[in-house]
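The structure appears right after this line, and notes come after that.
Letters are used for the chains, namely A, B, C and D, taken in the order the chains are written, and counting of residues starts over at 1 for each.
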Amino acid sequence: MRHQTEALCRPLLPEDTVVQPMLDVSPPKWHLAHTTWFWETFLLKPYLPDYTVFHPDYAYLFNSYYNSLGSRVNRADRGTLSRPALQEVYAYREFVNTHMQQLLRQPGLLPEAARELVELGLQHEQQHQELLVTDIKYILSTSPLAPAYQPAAPAAPQAPAPPVSWLPVAGGLHRIGFEGQGFCFDNEQAPHDTYVADFELQNRLVTNSEYLEFMEAGGYRNFQYWLGEGWDLAQQQGWEAPLYWVLHHGTWHRFTHQGLQPVNLAAPVTHISFYEADAYAHWRGCRLPTEQEWEIAARRFQHDTTTGTFLESGLYDPQPLPADAPADQCHQLLGDAWEWTYSAYHPYPGYQRAAGALGEYNGKFMLNQLVLRGGSCATPESHIRLTYRNFFHADKRWQFTGIRLAR
Amino acid sequence: MRHQTEALCRPLLPEDTVVQPMLDVSPPKWHLAHTTWFWETFLLKPYLPDYTVFHPDYAYLFNSYYNSLGSRVNRADRGTLSRPALQEVYAYREFVNTHMQQLLRQPGLLPEAARELVELGLQHEQQHQELLVTDIKYILSTSPLAPAYQPAAPAAPQAPAPPVSWLPVAGGLHRIGFEGQGFCFDNEQAPHDTYVADFELQNRLVTNSEYLEFMEAGGYRNFQYWLGEGWDLAQQQGWEAPLYWVLHHGTWHRFTHQGLQPVNLAAPVTHISFYEADAYAHWRGCRLPTEQEWEIAARRFQHDTTTGTFLESGLYDPQPLPADAPADQCHQLLGDAWEWTYSAYHPYPGYQRAAGALGEYNGKFMLNQLVLRGGSCATPESHIRLTYRNFFHADKRWQFTGIRLAR
Amino acid sequence: MRHQTEALCRPLLPEDTVVQPMLDVSPPKWHLAHTTWFWETFLLKPYLPDYTVFHPDYAYLFNSYYNSLGSRVNRADRGTLSRPALQEVYAYREFVNTHMQQLLRQPGLLPEAARELVELGLQHEQQHQELLVTDIKYILSTSPLAPAYQPAAPAAPQAPAPPVSWLPVAGGLHRIGFEGQGFCFDNEQAPHDTYVADFELQNRLVTNSEYLEFMEAGGYRNFQYWLGEGWDLAQQQGWEAPLYWVLHHGTWHRFTHQGLQPVNLAAPVTHISFYEADAYAHWRGCRLPTEQEWEIAARRFQHDTTTGTFLESGLYDPQPLPADAPADQCHQLLGDAWEWTYSAYHPYPGYQRAAGALGEYNGKFMLNQLVLRGGSCATPESHIRLTYRNFFHADKRWQFTGIRLAR
Amino acid sequence: MRHQTEALCRPLLPEDTVVQPMLDVSPPKWHLAHTTWFWETFLLKPYLPDYTVFHPDYAYLFNSYYNSLGSRVNRADRGTLSRPALQEVYAYREFVNTHMQQLLRQPGLLPEAARELVELGLQHEQQHQELLVTDIKYILSTSPLAPAYQPAAPAAPQAPAPPVSWLPVAGGLHRIGFEGQGFCFDNEQAPHDTYVADFELQNRLVTNSEYLEFMEAGGYRNFQYWLGEGWDLAQQQGWEAPLYWVLHHGTWHRFTHQGLQPVNLAAPVTHISFYEADAYAHWRGCRLPTEQEWEIAARRFQHDTTTGTFLESGLYDPQPLPADAPADQCHQLLGDAWEWTYSAYHPYPGYQRAAGALGEYNGKFMLNQLVLRGGSCATPESHIRLTYRNFFHADKRWQFTGIRLAR
């Protein structure tokens, strides 16, 4: 599974793996090393006898945000470090992989209780695979040369998306949160009851075509649709369209992993902030769902849904829904684009932070961020599930974020 | 009712009414004028025939944040304007009061639908009366001279507060939100059902004595209790105690409206951020309530509660609970200190922004702030109610904010 | 002499004496107190037996920049302090004046060597009188009400200024720097020889009319005339005219101590930065003089010059030169407007910083500032002389700064 | 000559050529491309018939600061651009070199008047060679791995430097500025007379050993030696030693092109700001020379001086003076370390900016910077001369800057 991380970096030049054009983006070289540090720190050091770290300074260089594990490079400075070289980092990965195999093969080394750390290491690696996809896109986008990460695919059919339909969901007491077997993050715990009133949810993601109507109706110039903070930010940064959109000879194009491409009107809109999603909803006279509503609807419709686009497709772009997708099913629930909800990322009832460094994994971020649901075209398919709670600040646009309306 | 605003400013020097020592604080002169502008803008201009504004530039000078009403002085610059003079602002108030009386007296001028604007104007004025109390405190506190706004009262008895007790509340479906007669803000609408599990709530506010235990246990030096953002902020600003606390000859004192006074250990702790409230709760192994829990408990115990301290008392400081307060009642629900909840200030289900400028009153702030409940010693008693939703960012400390724990 | 300081503040409201609308401006209340602290610190405390300071906190509140004298209020925070009240500050002045009289009257208290401190105290007070004039102007200008500090004078005659003429000055070795009797600042010491080539200097200050030609020729839109830093700043701040200029019904007006007034085309241009002065000179194909050239020319023409406008006139505005001013004389050398020179404010050869706190008076500022010569309409006439070296950063515009060209 | 630029980059990894760890530093890849753009812009485009630019976006990407030549990448963003790839930039260099050879070989293409542009292109390239040496040092220094750019040389002998002696220079009228044949920059024009009084200059650069005395005497903790701006900066940034110095097991080490090395006490101190140089001089009771004094002394002693260290040595570090260097000669005038003077970088009398884009080369920077003289160990020997005026802001430390005292 870890080789997928390297595979994502293979099309890059060493130059691409070093830069950090904005604070949220980390250099690919850093991702490669940080995920490796995670294994070294949480498994090799505590459990492999006589393990010697690959390099004593790497704990300082590649710790992301764990106060429990000491001081570290300032996040804003990740893009100023040319060393260790990319080749050194690959050697680090191999070194750690070899020792991990040793640890896993030799019976008795890993106590039962620590087995879940292996699972966590894999899940953590998958999270960074998604970040690699989005960070690489941002890095390549900053050059006016608009370099392509992959060859352009044959143009997707521009058949219009099927008209949106509204799926009714009966209110009442519903159970949400992760239950059953398998892995989940601590923030999906504990399962609990929640009450919602009757509501309706759109059966697919909002398309570029629909979003363009908002733009053309002056959505970016009318403060009435916007939250106060969002309006101020949009003015200050001169937002007029989603991130990566540029007008090119009078036609809207978007920077993609295949360079600059015309906007596919039938595809889901993406790379929008929560502020834009909320303003769009206002303008339509609707609203964004809460995460409770989203999960309740998703559970209700999970068997009536088409398969979305995931990392494994290698497409790295939300795909249009086939024109014949049934109107009474709920589409694109998983994959394609993370769906902004109007729910704060707060602890679930009964949530407990783990002890030690891993208690910092999720819990300390539970303020001032919003929950997103459903995964995106950059999420590994095996990584996502209906109870998964992703979270970002309202102004973030560089992830594959999209909109599904409720009312 | 409006004369209460002037009364609060009477002990001030003209010099005190001009300055703005931090962004959240507005100069008292600005409060006096802005509340007047509110009446002029929303009532006199639309409804009083032939009304001529007191001064054409005041709409620019004293508009707070209404985009619908045009451009305005940058908030950060409120403290740079020495003119209009304080006396001019008093003349403005009188001018507008006189015309308001004219408008109210003469039948037929004010359509029925606009009557509620009068009520809103009064409520708005009361909100600024509370802000005057807190802003005056901050303004006077910045001087090393520690000037007193009012003469020192005889020292309150330092009898220890009664031990805290836990009040059990049965979970289930409960109705919250404003119902019935009388005024409420749009953000308390609409009443709706909510589900909570069984929980317990403390029967009084956390005291200075209890908070001091947290401080002495190293609460400000251990990141494990803190949210990530809160920890970074506390480090950066060097927080070691609530706002206004200073060690003076080895004893904790607090700046108050009566100058520097020793901390009364039995009184509720106040002037703490959400981050501190949450860290305190963590350290105690408890948590903060949600706003739903708070309101459900408050409705349950509203008849078994003592009266708290409000603006009208003139005390401007949370008061200790009598040592004989019954353990099975819930105290200090209203008054004394606003209680931080772990609930984001988001729209209630079914919430609709009003059309026009007043739609900006509450709705556009519904992100990245937290709900506080119950009013404080600076809130007019007639202004508060159990469904009232106040809101501030997590880092704010200059309001009379306090803690009540849940579990 | 000190009462002139109070006289300048008399037309102000208490509100006006508190605010600090930008970093360079200090509140008048602060000027009143700081000049008083100077006497207390450098004379009363060391030399008056048994002197007790007026208030122990004032040393912290009113020290401007003397590291030798301990910590102090951050300069940017001077406008956040409403206390001590204006009346308190006046009481402080009286207290110190009384004790100063005591000190001066009683023989033997003040050693001969300390006598010059009295002179320095007076000179320091005069410097702050000039700052009061310019700071009051800035403070009143920030209000859209454009309040007048003094009643409008009858409009000055708009007769055009006489055509400018060029005065030739022979080069060679010249002596500059203060010599002879009387007071001078340490930065005018020591007198020394300097060599300049032949040059010519304009016989009067550049007028508003001449400067308007630069503006109308696109001077603010063409980077070629500008220093790099100046161009960037002008773009960033949107400069299009001198400070205080506004287009009002299609005519250029300026904010003055008499409120908004039409620009008098014949009067010297003022309130321009060094960057603007230098760009103007470039555009004319000329240059600014060095301070050596200025002083050499001033000594040469000092007896052939008309009297300029000083603080004592109460006009607070540079005045037009009479149309019949002789072309072979050098006008407005002293008074009216400080003249930017293209000379860095560096130590003269042989300059020695004084020991102790007064060594911080001038010496530590000798970098990254430019020398200005000749005084302005806000300078007391008895304060200025031909060797006087004033200094400001190149971007400052709130002083009465003007232009005289050389070639 | 241009291949020297590539040679300097050869020991680097592609990763090293991309990053910009602080604003003053440019990525080596940018230097490689910008110097190439210079040839393309000023020679190939105007003079080579039918020349087509290598890539139309490079003018935007690699213009440094020429407003005349249109918009460009923000300086702070140079380190965010991974593309074009390093190999592309090398191809660009070869492309331009080939076309330059074509232009130079074919008679009649380059008018006589444009011949000096070729010389300017070479001089410009040399300036960037020096910057490459200093920028590479800074880039490698940011990693805790302290990577070496070149193998460690055998340790230089730690023989103490000869005692410093003072060389007297007679004052009077002296001629300075470039005269005679060969290339010079416009800022060295025009030659002119200047007057100085008698003075003395040290016969060698200040050594690490001497500077350490200043440090150990508390030089970094006593504001009295410092200019105001310098003191504030030193406090804010926590300066305690020159840039690159670290205490390692109780001994001072410096980061060098050979990794971390013990400080050689006999070598000249370097990597100090003007503020530190000036504070050192104060502490010694001396001062820094003016640029006039420096040039007068340098002309006087130019034939009695040893050869310094230049770029061509490949040492990239100032070297100790042999212990037997004669006391009556002036050493290290050229090479080793740029010598801070207390002279503002202002235009010489009679200086004229060139017309067009090259007028921006030097003239627009003539404010708020200080002149440095003599070149450093990173300067090509053929590039430096006694009249050469380098310039930096007073706070810069990443160049090889040093001290020679005057009195």
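Some points to look at:
Keep this in mind: contacts are C-beta pairs under 8 Å (C-beta built on N, C-alpha and C of every residue); 3 or more make two chains touch, one makes a residue touch a chain.
All values derive from a computational prediction rather than experimental measurement.
When the contact pairs of A-D are set against those of B-C, A-B or C-D, over half line up by residue number only for B-C. Between the Cα centres of chain B and chain C there is a gap of 46 Å. If each chain is reduced to the centroid of its CA atoms, chain B and chain D end up 59 Å from each other. One finds 37 Å separating the Cα centroids of chain C and chain D.
Annotation for chain C: no residues touch two or more other chains. A ring topology is adopted by the chain contact network, closed into one cycle in which each chain touches exactly two others. By the touch criterion stated above, chain B contacts chain A in their complex at residues 65, 67-68, 173, 192-197, 223-224, 226-231, 274, 287, 342-344, 346-347, 349-350, 359-360, 364-368, 394.
Those residues of chain C lying in contact with chain B across their complex are 13-22, 29, 55, 57, 60-61, 77, 79-86, 139-140, 142-145, 147.
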